[in-house]
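Multiple structures follow.
What follows is subunit A paired twice: with subunit B in the first complex and subunit C in the second.
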Partner chain A sequence: MQPEDLERALGPALGPTLVGVEPFVGFAGRLRFRREGALDVFRAVHGLGFAHLSLVGGIDWVDHREVFYVAWSDDARQYVLLSTEVPANDAHLESATPVWPSADWHERETWELVDISFDHHPDLRHLLTPDGYAFHPLLRSFKLHEPEELEVKTRHV
Partner chain B sequence: MSEMWINMGPQHPMTHGLWNLRVRIDGEVILDVDPEMGYLHRGIEKISEDRHYNEVITLMDRTCYVAGLSWEHLYILASEQALHIQPPERAQYLRVLCEEFQRIASHLMWYAAFVQDIGLMTPFLYGMRDRDLILDLFQSYTGARMTYEYMRVGGVRNDLPPGFTDQARKVLDWLGPRFDEYDRLCLGSDIFHKRCDNLGVLKANDCVRHGVTGPMLRSAGLRRDLRKDRPYAVYDQLDFEVARADTADVTGRYLVRMEEMRQSIRILRQVLDWLDHHPGPVLAHELPRWLGAPYAPVGREGYLLKRHYPKGVGFSSIEEPHGEAQAYVVNEGGEHPYRVKFRSPVFANVSAARQYLIGYRVADIPPIMGSVDVCVGEVDR
Partner chain C sequence: MAGQPGVPFLEIEALRTREFIPAAKEALGDLIAEKGQAKLIRPVFNWAGRNSLFPLHWGLACCAIEFAAAFGARWDAERFGIVPRSTPRQCDLMIVNGTVTWKVAHKLITLYEQMPEPKWVIAMGNCATGGGPFRTAYSVVPGVDKLVPVDVYIAGCPPRPEALLDGILRLEQLIRERKE
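Showing the complex of A and B:
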């Protein structure tokens, strides 16, 4: 599958939600979309056979944040990369869990480390950091080598 | 009937690492589970943003402490793509050598821990004894038994010592028949079958829905192996089969891992033959000094000579002993990666715990979680 194939298959159904499809080495393509129609994009990509979501991650670009998804198709034997941008002061996005249940923990991790919230996530709570941990370590504003104030609550009383 | 939550972990013989499995039970029946991770979170992705490309390799050994070389390979492949560097062919064969030996060592570690979980004490010693032979080999060319720091962006640190391939062949000759012995010990035992058959069943479509990969996926009958589906390094030039089972249960995962070790021996024999006949450089020539020094860390003055590479994004995925690992490295032109993101196969396999634990008994948890092969280091990172 090539980027043009992806654009032809998804373009008419998604309309303006689809920003574009670019080539990416070793992938079916890198698909950029607008966050408003995220769930439609997930459904459409899943419908093309990309049933196995491997990875959800976030990148802090300071003025905005990027969320990327990597999904695999067993028929095409290929990955596809999806990415979208959210503004830093309003970082939230529709959860992919209704389409790909495997997004569950990846989104929890992205939420706590990169501070991107996922709407309608079934169970959005801390995974790797303790409950009550107010920092988001993977933001660029979180500097290493500086003392942090930390109050850890016990998880189960 | 009264329901209650119990904690299995963080200090529990079942966990093999520092994590907590919260279980809601009614009598002996498991009603719900909630794995709790994070006890070993060291922020490896964050620390990587503050380090030079070659310095991140040190962290990779600590990411998964039973498969350090596989994680080095994963990170190196993504970095080379992000920095537009091509390693020499001999280095790629050496990396495959590392990865396949590491696969056997990791599976032996799993075997030793898993059989202990189901109450067979003797095979534990056999598994540890045979793994030690591979650690000896690693020590002979990397200098370390656990944290190797062997691979470099652009190649590997050093070539093999003289006589290595013969010694490695001796180890393989010893290991092959041992796997048959293991099979006789386990598959010939009634205890093994009573504790493993039809337990922890996870069918193929559930595996795909919940992102489960590796031996768990292949034990459900899917023929999916990144070494075949998306060949990296030199796997497309090597001849091997994808191990597979159909039962989707604990016994199936045992069979898949045993067959994988046999296939690894087959791959290693081809790699050793190739290495014998193709001497050559093991590190790319045109590297800048800050990246090309064979022994990291290079001096500060080396870093000052940094050359800005064109920006790029690197992605790699390898078939790690536990499953499908991925790395995403963003290069924004400096000498540090801008962002490094890792996908740990065990992370996804454990996140699906509800799917393969609910409905079984409390006493089934050790064999089922043992068959998942949890390595907490790479879950928490």
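Showing the complex of A and C:
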């Protein structure tokens, strides 16, 4: 499956939600979309046979943040990369759990490490960091703390 | 055990438990009156305790590999009476063998509180001692002594089984000198 095939299959259904499909090494393509129609994109891509979601992650680009999804198709034996941008001061996005249940923990991780909230997530709790943890360690604004300073803010036991 | 002449309470071959205690009391009566019961019994407890340390059988990180090796055939820590137990209710020694994160901190404290008194803690390796190479990381407790009282620190990354055995023997020294 080539980027053109993806664009041909998804373009009419998604309309302006689909920003574009570009080649990406090792993948069927990199599909960029607007976050408003995220759930439609997930459903459409799932409908193309990409039934296994293997990764959700986030990147902090300082002025905005990027959320990316990697899905695998058993029929095409290919990955596809989906990515969208959210503004840093309003970082939230529709959850992919209705389409891919495996997005659950990945989105919890993205939420606590990169501070991107997922709407209608079934169970948005801390996964790797303790409850009540006040930091988002994968943000570029996060500085290494003195251990004592960190301890005061995270001590909950 | 063969009884020794002149020491009546050692002739316990034929004694049941309920007969042993009055016999021992009778034999020790003068000593107890002279020195006090606690002072007399304490060394016996210390002797029993330090020769039957039961560490909690758990592993946090790579030090657990050395912990496991110390109880294997080559170093055989069981010859010191050290037997890892899988429930904290049966343990009197917690060997913190690895990096402690804030996520696991309250579970560690729960396990420590479930252990019956008297109990001891060994911080094994640099991570448990002071955070190790992850000291400035966002998720690591800089030393397990922030959470529970530590009796013996073992340096190394990871310490070899000999170092762990040395730490345990030092702890046995501490228990030998214990007064209360």
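Going forward, the second predicted complex is superposed on the first by the 144 of 157 C-alpha atoms of A that agree within 3 Å, B and C clash if a C-alpha of one lies under 4 Å from a C-alpha of the other, contacts with A are read in each partner's own complex, and residues count from 1 in each chain.
Assume a contact is a pair of C-beta atoms (placed from the backbone, for glycine too) under 8 Å apart; a residue touches a chain by one contact, two chains touch by 3 or more.
Just so it is clear, the model here is predicted, and its values are computed rather than measured.
> Quick one: is A:Gly49 in contact with subunit B, with subunit C, with both, or with neither? Answer first, second, both or neither.
neither
> With both complexes superposed on chain A, which partner does A:Pro98 reach: first (subunit B), second (subunit C), both or neither?
After superposition on chain A, A:Pro98 lies in contact with neither partner.
> Report for A:Phe27: first if it touches subunit B alone, second if subunit C alone, otherwise both or neither.
It touches subunit B, and subunit C stays clear.
> On subunit A, which partner's contacts cover more residues, subunit B's or subunit C's?
Partner touching more subunit A residues in the overlay: B.
> Kindly classify A:Phe142 by the partners it touches after superposition: subunit B alone (first), subunit C alone (second), both, or neither?
both
> Which partner does A:Pro130 contact after superposing on A: first (subunit B), second (subunit C), both, neither?
Both partners, subunit B and subunit C.
> Between subunit B and subunit C, which residues of subunit A are contacted by each of them?
Touching subunit B and subunit C on subunit A: residues 128-130, 137, 142, 144, 156.
> Given the complex with subunit B, which residues does subunit A contribute to the contact?
That would be residues 24-27, 51-55, 57, 59-60, 68, 70, 74, 77-79, 81, 100-102, 104-105, 113, 126-130, 137-138, 142, 144, 155-156 of subunit A.
> Taking the complex as given, what residues does subunit C use to touch subunit A?
102-103, 105-106, 109, 131, 135-136, 138-142, 146-147
> Considering the complex alone, what residue numbers of subunit B touch subunit A?
7, 36-38, 41, 43, 45-47, 50, 81, 208-213, 222, 224, 229-230, 313, 315, 317, 324, 326, 328, 330, 338-339, 341, 343, 347-348, 351-352, 380-381
> Which positions of subunit A touch subunit C when the two form their complex?
Within the complex, subunit A touches subunit C at residues 128-130, 133, 135, 137, 142, 144-148, 150-151, 154, 156-157.
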